[in-house]
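Okay, so chain A shows up in both of these, paired with chain B first and chain C after.
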Partner chain A sequence: MAARRDSVAITGSVLGLASLLFAWLTLKPNRLLSGTGLELWNSAGWDDTVIILVLWSVCLGLSFAGNKRLHAFVLGVLANVILIYTFVLAGHTAGNLLQTAPQFARISLGAGFWLTIAAAYILIHASRRRLQDVRIWQGFITWSALIAFVVMLLAGCFDDLAIMQEYNARSDRFEQEFFQHIRLFVQPVAIGTIIGVLLGIWAARSRIAEHPIFFTTNIVQTIPGLALLGLLLPILSALADDYPILEDWGIRGVGPAPAIIALTIYSLLPIVRNTFVALRQVDPAVINAGVGMGMSRFQVFYSIEVPLSAPLVLEGIRIAAIVAVGLAILAALIGGGGLGFFVMEGFNQGASDLILVGAIPIVVLAFVVDAAMRLAGRLATPKGIAAGES
Partner chain B sequence: MIRIENVTKRYSETIAVDDLSLEVDDGKVCVLIGPSGCGKTTTLRMINRLIEPTSGHIYIDGKETRQMKPEKLRRYIGYAIQSVGLFPHMTVAANIAVVPKLLHWKRQRISDRVEELLTLVGLDPTEYARKYPNQLSGGEAQRIGVARALAADPPVLLMDEPFGAVDPLTRERLQAQFARIQQDLKKTVILVTHDLDEAIRLADQIAIMNSGKLVQYDTPEIILSKPASKFVHDFVGTDRALKRLSRINIEGYIKPASSINVRTPIQEAVSSLGKLLYLWVVDDHEYLLGWLDRRSINKSTSVERSMVSTDLSDMAVRSGSTLREALSRMLGLGFKFVPVVDESGRLIGELSLKDIEAATSEFEK
Partner chain C sequence: MEKWIRLLGVMVIVMSLFIVSACDDDDDTSGQESKGPIVVGSKIDTEGALLASMIILVLEENGFDVTDKAQTGTTAIVRAALESGEIDMYPEYTGNGAFFFDEADSDVWKDAQAGYDRVAELDMENYNIVWLEPAPANNTWAVAIPQELAEAENLASLEDFATYANGGGHVKLIGSEEFVTSPAALPSFQEAYGFTLSSDQLLTISGGNTALTEKAAAEGTDGVNAAMAYGTDGQVAALGLVILSDPKGAQPVYEPAPRVRGEIIAEYPEIAGIINPVFESLGLETLQALNAKIAVEGQIAMDVAEEYLISAGFLAE
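Let's look at the complex of A and B:
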């Protein structure tokens, strides 16, 4: 059989093997002090180390073995097995270690653990790429480890890990800041969508407006996020001082308002740009035909231009939303709350696990938003535009 | 009737259309032709008010277009363009249904009409109605474009190089189909083209334009035989006689042809051939299969083995063709006779080079 190497899968497998060399868990005397790293064999034991080693080696072999769909599927399944196995080991080993450890000891996840997760997802990505025509297999490979993780999380399997202990100590606050974080990116993106789409339409319609609109949005986009907040701080507090009514609305130098304003400004460029491009790429002949057949300006807009440009506009909103999810961390710096609160708090205390309590949900949120917006984009793509490809 | 009265279109310094007057009678095809930039497309687009004239008046059935709301006016004027402009996000059926929907037709009436129109332009409704434009060939798309323009059965049809964006063979087929449809529907058509052959083929009247002015407005026959100016003379070119042949249907020139059945015994075939140069060979249903001549005939075998079998599309001329097509077939094959077949391929007669020569000399007089 002619073997075709899959370089992405090889990278993943090698990374996976390499992850075994790093500390897998860290045992700390208490939540702030740094601890001693424990490799897999020092924490979980040799049996499990060998099993994981074998699994990764099989993956490496499969990466060289060929390009049959079955190979890709097995590779994806193995990656999921490794992930679930790793999750179980992490929770279980942490529990065992804590039993013999001093009272305030904490178990943190080490570089080896994170590398394992990263390597497994590289494999899953490689496998998905080759299974594009088998949606069911692809879905199975994408979701099974994730679902297992969520089930284990809810079942309390990870409660002995430091990160969960940090979370459990602040679960009320977490809930509050989590929803605050969602507000912090949903509101700006919603406002940015309304303003951005309108500006995009205006720019596409008017040669005179086009230049100043892009000049401004481009300039604003180049201001670093923190600097923009810094600029808004004095402006908004001065405004609030002069017009107390603004303060009643929550608009002042600190708090969520400046963050929401800053994030709104950042959402604008991708949305304006994509709306503009989307409208400009509509074939003029199509518009000409519509007008020539007696459609009104508005009919041309909503029955031709809107459906034909929707996918690109949604793509712009997707980019804006992902950027906003990440940038919303900065809101915590000016008292705006959000998941950034835990990140900042963790930095201040030097408690790395607390940082993760904020950071991991942000990453998850970014992925969820990305997936949801991609789905929306697919649903909004008119059938006739996709029909030719299949 | 469409009446254009002293219409001028001025763009700051340049004059696109200069004091143009033109009348097109009901049910006639008027072709606007001229070099690029002569103002033909501008003229067309002023009729449905995609462009507003600087001065002058345009009347459709006695009503001045300026008095009507542009959207309303356009819904009663079919509009087909070169790039077709089918809506890529709508099915073929939805594309055709655009104007009927704008006119608030009932759903059943619309779907009946879509089916009727697809059949009219020779596309199977069950196969094509649900397709999307990007699944169509260029020729199919242009036919849908024409069907869409005809959707609400408008009395007037404006066509801007409607057969421009396809290969010559497809174009010829679309033109023939359009001519056939027009014979039944009798729309008042204004068609813009830069292809003189297309104009001669389709037009009842040709309007030749040059730098915004109408230089001659006449039937194709007169334009070809009596060019009004040096410009027209040069424009129609030196092959006027040949071009006129494409105005003449072969119908009047078909002569009965001698043929034999393919299963005729060979001896009988030899005696039938007698002094004739050739015999057309047909099957039991009169479908043309080939021909038999002295060189090909072989007394020891059957008619089927002896005959020169032929590919119909290569050799036979279909009824409804023009003398020009018949002539080019003859010149291409080096024959002095070509068989004429009906739509389904049955032999109905033959044409001779002599008769075509006679036809040309007839209008030289």
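Let's look at the complex of A and C:
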């Protein structure tokens, strides 16, 4: 078979080469000013620049040339090598730059760095596609750079970068707000699941209930997050005034309660909709077969409908969870804490790296929650259906 | 069997999220025979966090059990929280009495003592809220310009600025909506010093964020060369800006002071004796330097507060 070009890999390689043109690190005289961007050759030196240039060029070559599995694997390995090299270089160069910089100078990561990461993962994605039947190779190229990154992070290799300096100054508070953020999305999704699944079942069973349920959930979904919070604040304050017992339960105008209520409302639509579709798409013939076998209504539900609809319902919960992880950022605006606290603090102080201290963990958390829920979905898919799909 | 293993797997994943979310870090029961608990809040800004941290540390030093709710929310939220009893105290500015009680036109706010007396009186009457002693630092509105501009055009005060603007000098001032429209702010400067900025010379942003405005002036973003600033801002020098002086005293005086629920003072009158000396020690340069440590050096408010209180002798060790 003639060598096929892998256009995704080509895109990744070209992007990787282009990333060299952008500022790689930014040197700021203090954490407030925007500073000047430094390209790779101005910060790390020409030697490292040439090495990275060569690596990307080889990747580009491989993207044109090979369609064998080995080529894909080498491409993936090279991408990981570039990533790890970039990480090490970033930490090391930051340290060097700080030696000769004024006292409160900060080194931030520039566009070039982020583009490098994006390009490398495009390459890894392209390689993964061609390595579906060799899971070990595929796993190796997926996880190596990530594991190396975590190891380097814990070892303090990145401590000279502005983000880590901001983090280190407030690591206790970060831990507190991180767990608060988890509470801020787990609780609404949990409550939303219970209410949403019940509403979904009701809508699926009853033609009359279907319309009002979807009407309501659709409408509230369109209300922007901040607006919904703004609406809830006075309502909850008034309720807490009239019924003091609510205050004892922690439900009042400020704090996490309005945020959790708003997030619960936003979780409803994906869960209700998916439960509804999941139940409706169960083949009536299967249910008839069950009834024919003598199953009671409850047994039909438990043995047929639940397993068949579980994957789709879990998918809905997954979507709700990811939305909640992101929206929970708003809780900080009303004293509810969470990672949004650092985003707000960074914004108020004009310190962009502090914003990243809040924003990047939220992105990582979203990925982790997504992966965990996908795994849960795969586990919950009955064997028969899974076999049919793959 | 397989089905049960799968079910178990799903439950483990879901339960682990629950367990993580149940980890309650803020179960800090100090459990001693301490007084309180006293809930201290603040606005979201740097200085609010700093002053609240000082209050918390000095109260704890004196045997109180304090709940830290610093950076509670925006001014409106913090006020509501105090008035509803959700927090017991927070640092507020004397000049804000003009807006709380709708007396913006009165001149009493231009005098530090008169303004303080007025707001203390009104708060006591209307909400049973006590104002403790203020810090002698005027955190009022100001205009900051880049050092190069100040040196090139010889601008030190707002009078010089007015002459420069009227003489056709390039001016682009960035400020919040409130700063540009409130009679106590920019209009007050314009009236006192005899200059008017047209709408092309103004860049209005929605929040009152001086970090943003000062950064814009420092970097000349969008042609901006003058920024709204606050008197005790710590980052002015670090950004290469200078604050124009206000010799005619056009601005109301905004001195920070703790605003405390009357019931708390009634129950623990010794609080006044504990907190007052701290605030009285905070002059303008002191506050600017402390704010600079937070804004420019990136230290957190609690650490800066602790360092200061130890060096000033309010905290042991």
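Operating definition for what follows: the second predicted complex is superposed on the first by the 385 of 390 C-alpha atoms of A that agree within 3 Å, B and C clash if a C-alpha of one lies under 4 Å from a C-alpha of the other, contacts with A are read in each partner's own complex, and residues count from 1 in each chain.
The rule we apply is simple: a contact is a pair of C-beta atoms (placed from the backbone, for glycine too) under 8 Å apart; a residue touches a chain by one contact, two chains touch by 3 or more.
The model shown is predicted, which means the values in this text are computed figures rather than measured ones.
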item: Clash or fit (per the criteria above) of chain B with chain C on chain A; value: fit
item: Which superposed partner A:K383 touches (first chain B, second chain C, both, neither); value: both
item: Chain B versus chain C as contact partner of A:P244, first or second or both or neither; value: neither
item: Which superposed partner A:L308 touches (first chain B, second chain C, both, neither); value: first
item: Which of chain B and chain C A:Q299 touches, first, second, both or neither; value: first
item: Chain A-centred angle between chain C and chain B, computed on Cα centres after superposition, in steps of 10 °; value: 150
item: First, second, both or neither for A:G290, with chain B first and chain C second; value: first
item: Of chain C and chain B, partner touching more chain A residues; value: C
item: First, second, both or neither for A:N30, with chain B first and chain C second; value: second
item: Chain C versus chain B - closest C-alpha approach in the superposed model, Å; value: 10
item: Contacts on chain A seen with chain B and repeated with chain C across the two complexes; value: 307, 382-383
item: Contact set on chain A toward chain B in their complex; value: 283, 285-296, 299, 304, 307-308, 382-385, 387-388
item: In the complex, chain C residues that touch chain A; value: 2-3, 6-7, 9-10, 13-14, 17-18, 20-21, 23-26, 44-46, 69, 71-74, 77, 80-81, 84, 86, 209, 211-212, 214-215, 218-219, 235, 238-239, 294-300, 303
item: Chain B - residues contacting chain A, complex; value: 48, 50, 70-75, 79, 81, 83-91, 98-99, 102, 132-135, 145, 148-149, 158
item: Complex contacts: residues of chain A adjacent to chain C; value: 30-34, 104, 106, 165-166, 169-170, 173, 175-176, 179, 182-183, 186-187, 190, 237, 240-241, 252-254, 307, 314, 333-335, 341, 344-345, 347-351, 354, 369, 372-373, 375-376, 379-380, 382-383
